[in-house]
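In the two assemblies presented below, subunit A is common to both, partnered first by subunit B and then by subunit C.
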Partner chain A sequence: MTTMQTPNGFNLDTSGQRVVVDPVTRIEGHMRCEVNVDENNMIRNAVSTGTMWRGLEVILKGRDPRDAWAFTQRICGVCTGTHALTSVRAVEDALGIDIPENANSIRNIMQLSLQVHDHLVHFYHLHALDWVNPVNALKADPKATSELQQAVSPHHPMSSPGYFRDVQNRLKKFVESGQLGPFKNGYWTNPAYLLPPEADLMAVTHYLEALDFQKEIMTTRTIFGGKDTHPNWLVGGVPCAINIDGDLAAGAPINMDRLNYVSGVIDRAMAFVKNVYIPDIIAIGKFYKGWLYGGGLSGKSVLAYGDIPDRANDYSASNLMMPRGAVINGNLKEVHEVDLRDPEQIQEFVPHSWYSYPDEKKGLHPWDGITEPNYVLGPNAKGTSTNIAEIDEAAKYSWIKAPRWRGNAMEVGPLARYVVGYASGHEHITEQINRTLRALDVPVDALFSTLGRTAARALECEWAAEMQRYFMDKLIANIKAGDSSTANTEKFDPKTWPTEVKGVGFTEAPRGALAHWVRIKDTKIDNYQCVVPTTWNGSPRDNEGNIGAFEASLMNTYMERPEEPVEILRTLHSFDPCLACSTHVMGPDGEEMAEIKVR
Partner chain B sequence: MAQDCAGSHTSTGCASVTDAPNVLVLGIGNLLWADEGFGVRAVEELHARYEFPENVRVMDGGTQGIYLVQYIREADILIVFDAVDYGLPPATMKLVEGDEVPKFLGAKKISLHQTGFQEVLAMAEMMGDYPAHLLLIGVQPVELEDYGGSLRPQVKAQIAPAIDAALEFLAGHGIAATPRAEPLCEDFTIASQEMALSRYEAGRPDAGEACRHGDERVIAGQGWQGPLDFEAEITEILGKPKAGV
Partner chain C sequence: MTETFYDVMRRQGITRRSFLKFCSLTAAALGLGPSFAPQIAHAMETKPRIPVLWLHGLECTCCSESFIRSAHPLAKDVILSMISLDYDDTIMAAAGHQAEAIVEETIQKYDGNFILACEGNPPLNQEGMSCIIAGKPYLEQLKKAAEHCKAIISWGSCASWGCVQAARPNPTQATPIHKVPGLAPKPIIKVPGCPPIAEVMTAVITYILTFERFPELDRQGRPKMFYSQRIHDKCYRRPHFDAGQFVESFDDEGARKGYCLYKVGCKGPTTYNACSTVRWNGGLSFPIQSGHPCFGCSEDGFWDKGSFYDRLTDIHGFGVEADADKIGGTAAAVVGAAAAAHAAVSAVKRARQKGGES
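This part shows the complex of A and B:
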């Protein structure tokens, strides 16, 4: 059988030429993608495989739940803080620990700072090259580039013809040296690239500016987290002390000077997003607004857990400044409530995943989750178990489990959050979306696309940058009112804990809804399950045959040249996939599976 | 960027000039994958045993990729500890210098720092801030797939020679390390306190004895400290001009 319809409404046809991309580059972690294209170069079947096994659940067993955050933030390199925050929230939920208001504000600032940082770096350094052609930028006229820059963003100071000429010369030198570095593995002659040279040069210039600017954003997390790259977190609050009137003596706690420093960083981040990131999205979007592939599940089924509690310790939807809810069957008129504790809502399935359950027809709620690897290839797979030539998606085919919300495959991430927010009438989200649609002169349906996903990330970055200011003001006001408490250590001592408890913590990670479920028994971790954003988006088929968000997004996309899968990369990158935490690097027989080949 | 000072927004822009080269000693890798943790464990040990002059920064780069680029850009001398797949017998240590370094860091991405350290180096180069001297101290892993495991004994045994190699290289550039009278206790690790070697390996820490960061005893007893020199720390994060610039 070469054709079938999935319950979630996609017509799969496996008769055409099979294209394999392994690994998908410019993402964190390892991922493989196979598609079938018909005689008109349209993708008619898509298969996404996480090629690594993740055993975090297994290694946390028996450890101190107060340490879990440190392990989870070492899973990979990009969303370290968000895993740590999710983890401490899960443990606090289990043990009934309330955190002080200041801790809530500081956590929110750190989480928002991560959103800003991650979105910015993702767009410019991992995703922009799917739209922007650095080789074409060499043909640009610096004067025309300068005019373009001033037209799209009159307030951005770096816009002189000389400046663009300098960057172009630097780029030229770099390209001529033969080592394209970050620009290698590109398909720079592919007609899928649509920007004129001036727009390419402007965007490449901002690639460099963003690379320089992003380091400043990190200082916020360094100041509150005490350590950069992998900041410190604490069950019960935040591990930093505050003395607002303290001097700058050695070892002094956080004082007004440091808070003012963070304020300055927030201002500059807001300006960068406003004057560079957003105008770039609009400028690039104008050239690509005819390329509205990649919608996938975004117009059908989206999920957000919500995040950024306004007041501390209240995780109800009305107190969350990033929206919570689920939209299914494309019905934007109804936003369903989401309950992470309800065993009927979130379940993980494994009939197409390399894991074993006692009964694989059923899904398991994460509190009852099982992580038992079972690597077997289907009868129609080609190649060997250590060197797969073609996957058999009718059997088990991914290290990612298939999470479902009430049986539905869901998309998570910035676009999902914005669709949920739009559907539930969130003021700032509605305003931002309408403004962007107007600027691009496109209908609301354009939102449900690869471009929409990329634009939603930029809008969220803009919102997150501004929202830091809100919590900064709140923090300072609260401290000035006499409250300098940052941690609640009442229940820090395991002797105060019940014998057996369970909890769930959630955040909106930059790339989507993230939750950790923990069971604590005799003061140690008894079971720990993470359902991460890329588990949702990268999920394989489930027992009903529903395809996941990555797979759905690739369907019915036209490929200019199937042997140069720029369209596949463009759409997959728009999700900001992070396979490192959705799976873990272990091939069968200990063989590292990563190798670069495009068949 | 191109206009370094204009774009950097720092109060201590390009004014101060110093002759001492900026040195970055960086350990990269993932502690959770057995020998993949070699780089981080090596800098952890280096920091525990030696003190360095101010121009030397010893850093746990962990699993970070792009976020490390600013530290690379600041460095005149860069030493990287990492688990590297050289295709050599397990636990073999091999030093690579200069232009050869990126080849080995990108040859086969065995690390989860998937952005690829090679790419991070290329980004630094593109920004016009490539270190003048590079040394990669790599060890061929014995075991990677033991998730949650620690360094294998053969790889752990290479930490001491790896540190010696780094010190010798630094000495060649006129930079001297001072041995500490007593190695720092694990609680002062520059890497992850919660995952300090003995605690990580024992797996079930005795909370009564283990002094832990964030513990109420730490907070109450001023165990948490703000930066000793805030300005200097921020300046360091934001980059300082290279020697002779």
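This part shows the complex of A and C:
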């Protein structure tokens, strides 16, 4: 059978030419994508395969739960910190630990700085080359670029024709050297690139500016967490004690000098996002607003857990500054409650994943998950088990499981958060979306697209940069009111813990909803489960045949040249895939891994 | 003929003055003092950019993220003016076939004359298929590149020691680069840490390019200039250790005064790294300065040495002069390491000659 309709409404047709992209580059981790294109170069079937697996949850069994943040932080060094924060929240939930207000403010600043950094680096250094052609920038008139820059962002100081000419010269000599480095073998003659040369030059210039600037954004985390990548966290609060003007304040983690440093970084980050990132999105968006492919599940089924608690220790939706809820079947009039503890809501399925369940018709809640690896290729796969030419998606085909919310495949991430926020009337989200739609002169439906995903990420970056200021002010006000506490250590000693407890922690990672479920027994980790954003977005098919968010988003996209996967990369990158995060494994009783069988 | 760093920088609009300033900063970053700046300038004026294949195995990409945070030199200048980063799947424009073709092209054009930078490590279980590149085990890509490269940089604790995925029980049998069975015997420099400090990464690259050799390595293959001292030796909180002033629990009076973190688990006394000297993110801070104990992320097997908050029980107020062998199992360079470093010298030299001819 070459055609079928999925329950979530996509018509799959495998009769056309099969195109394989492996590795998908400019992502975190390793991933493969296969599509079928018809005679008109339209994608009629899409298959996304997670191609790495590290088994971190197995490794966590038997460890000290206070150490889990450091292990899980190493799930991903790109969204560094969000797993650590999720982990300390899960352990605090299990042990009933409340954290001080200052710790909440500092954690929020750290988490928001990740949103700012990750979104900015994603757009300029992982995603921009899908829209921007650096070779075409060589043809630009620097004067025209200067005029464009001043028109789209009058407050950005680096805008003179001479400045752009210098960058262009540097780029020109780089290209002429014949050593193209990261730009080598790019798709620079592909007609999918639509920017005029002056816009390409502006964007390439900002690629370099952003590369220089991004290292500053994360220094807030170097102050509060000692280093970045991978700053330090603490169950019960944050490790950085505050000493504003007492004895030895100069040697304290947080003093007046350090607070001033953070404050300065926050101001510069806000300015960069406002004067460079947002104007670039609008400027580039104007040239691509006719390219509205890639909607996938974004207009149908989206999920957000919410994050950034305003007051400490209250994780209810009303106290979260990033929205929480689920939208299904494209009904934006109804935003459903999401409960991470409810066994009926979040379940993971494995009939198309390289794991096995006793009964693969059923999904399992993370509390009760079973994971037994089972690497087998289907009968119609081409090649061998260690040299795959083509995947057989009718069988098992990915190291990623298929999580579902009440049976629905869901999209998560900045666009999902903005759709949930828009549907539930969040003030700042509604204002930002309406402003952007007006600037681009497009209807609200344009939001449900690859471009919409890319725009939502930029808007969230703008909001996150500003919210850092809110929590910085809050931190200072609280210190001024006489509270300099940063950690609650009443229950830090494992001797104070109950014999058996369980907890769940969640955040909104830059890429979407993230949660960790932990069981603690006799002061050690008995079970640890993570369901991460790219597990949702990169999910393979489930028992019913529903396709996941990556796969859905590629459907019915036109490819200029099927042998050059510009459009596939463009849409996959709009999710900011993170594969090291998405592939995990551990049984509830922490069984040893079974040997992987290969047929 | 391939152009030199200096040609590239000049032609890219960098002034002579900025170029010399860059050389001075680089000399300072390497801890070499101002007299070495002209030597670096000379090297950059006369050498072509060397091709680098930066491969990713099982890892979390924290090494790449650290690398782009380098303040001196800037990551931008390393990529545009110092090396030719021909393959790095995290940032390269090409994907799929076009990406893999670059590995082949580099091997053909620069056989035996490119640097292989490894981030992460290969799994040996599951027939290597828990890390797949182009439908095949990553292990194959790694072995092929290693066979044709001149020298290998093992970035971070994954490539150097195995790191988190190799922690007990190591379900994928993730294996550090130097222990990969059947890997071609090439000189390897380990730059451990989770991640390594950005400026240490760029300094290692700059050193290799400038002096056409590996820096002097210790017995475990780490550059002595950054890994010959314990964090404890140069810790700004060391006087509190000596005075017996300790943080007893987080956020107590001692924590607010910046007392020694030894009692809450600090592994600084047994960890060889440059955190307390070079510090992080442009010299801004390091974990101990933020109030968290060092947990030894640059040491072999640090994940499996008990809780990060358990105090070390086997140190007794040793001094900085204590023999490194007794404390951390490190030693001064021995003949093997010196030989490896020497091999790398000629390797890089030949790479340049070959590159220059092409």
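Assume the second predicted complex is superposed on the first by the 575 of 599 C-alpha atoms of A that agree within 3 Å, B and C clash if a C-alpha of one lies under 4 Å from a C-alpha of the other, contacts with A are read in each partner's own complex, and residues count from 1 in each chain.
Criterion: a residue touches a chain if its C-beta (ideal position, glycine included) is under 8 Å from a C-beta of that chain, and two chains touch if they have at least 3 such contacts.
Bear in mind that the values here come from a model prediction, so they are computed numbers and not experimental data.
With the two structures aligned on subunit A, subunit B clashes with subunit C. In the overlay built on the shared chain, the residue A:A241 is in contact with subunit B and with subunit C. In the superposition on chain A, A:S316 contacts neither subunit B nor subunit C. By the touch criterion defined above, A:K215 reaches both subunit B and subunit C.
When the two structures are aligned on the shared chain, A:N40 is found in touch with neither subunit B nor subunit C.
In the superposition on chain A, contact of A:F71 is made with both subunit B and subunit C.
By the touch criterion stated above, A:Y375 is placed in contact with subunit C alone, subunit B being left untouched. In the superposition on chain A, contact of A:D257 is made with subunit B only, not with subunit C.
By the document's definition of touching, neither partner reaches A:T499: not subunit B, not subunit C. Shared-chain residue A:T489: touches subunit B and subunit C both. Looking at the superposed arrangement, the partner reaching more residues of subunit A, out of subunit B and subunit C, is C.
The residues of subunit A shared by its contacts with subunit B and with subunit C are 27-30, 53-56, 58-59, 63-64, 66-67, 70-71, 74-78, 80, 121, 125, 166-167, 170-171, 174, 179, 181-182, 208, 211-212, 214-215, 218-219, 222, 226, 228-230, 232, 234, 239-241, 248, 250-253, 261, 487, 489, 492, 580, 585, 592. Against subunit B, the residues of subunit A that register as touching in their complex are 27-30, 53-56, 58-59, 62-64, 66-67, 69-71, 74-78, 80, 121, 125, 157-158, 163, 166-167, 170-171, 174, 179, 181-182, 208-209, 211-216, 218-219, 222, 226, 228-230, 232-235, 239-241, 248, 250-254, 257-258, 261, 268, 487, 489, 492-494, 524, 580, 584-586, 590, 592, 594. Taken in their complex, subunit A has these residues touching subunit C: 20-30, 32, 51-56, 58-59, 63-64, 66-67, 70-71, 74-78, 80, 121, 125-126, 129, 166-167, 169-171, 173-174, 177-187, 208, 211-212, 214-215, 218-219, 222-232, 234, 236-237, 239-243, 246-248, 250-253, 261, 373, 375, 383, 385-389, 399, 484-487, 489, 492, 563-565, 569, 580, 585, 592-593, 596, 598. Remark: subunit C residues 2-3, 8, 11-14, 49, 51, 56, 58-66, 68-71, 74-76, 79-80, 83-86, 88-102, 123, 125-138, 163-165, 167-172, 174, 194-195, 197-198, 236-237, 249-252, 255-258, 275, 280-282, 284-292, 295, 297, 303, 307-309 touch subunit A in the complex. Of all residues in subunit B, those touching subunit A in their complex are 1-3, 6-9, 30-33, 59-70, 85, 108-110, 112-115, 118-119, 122-123, 125-128, 144-145, 147-148, 192-195, 203-205, 207, 212-216, 219, 222, 224-230, 233-234, 237-239.
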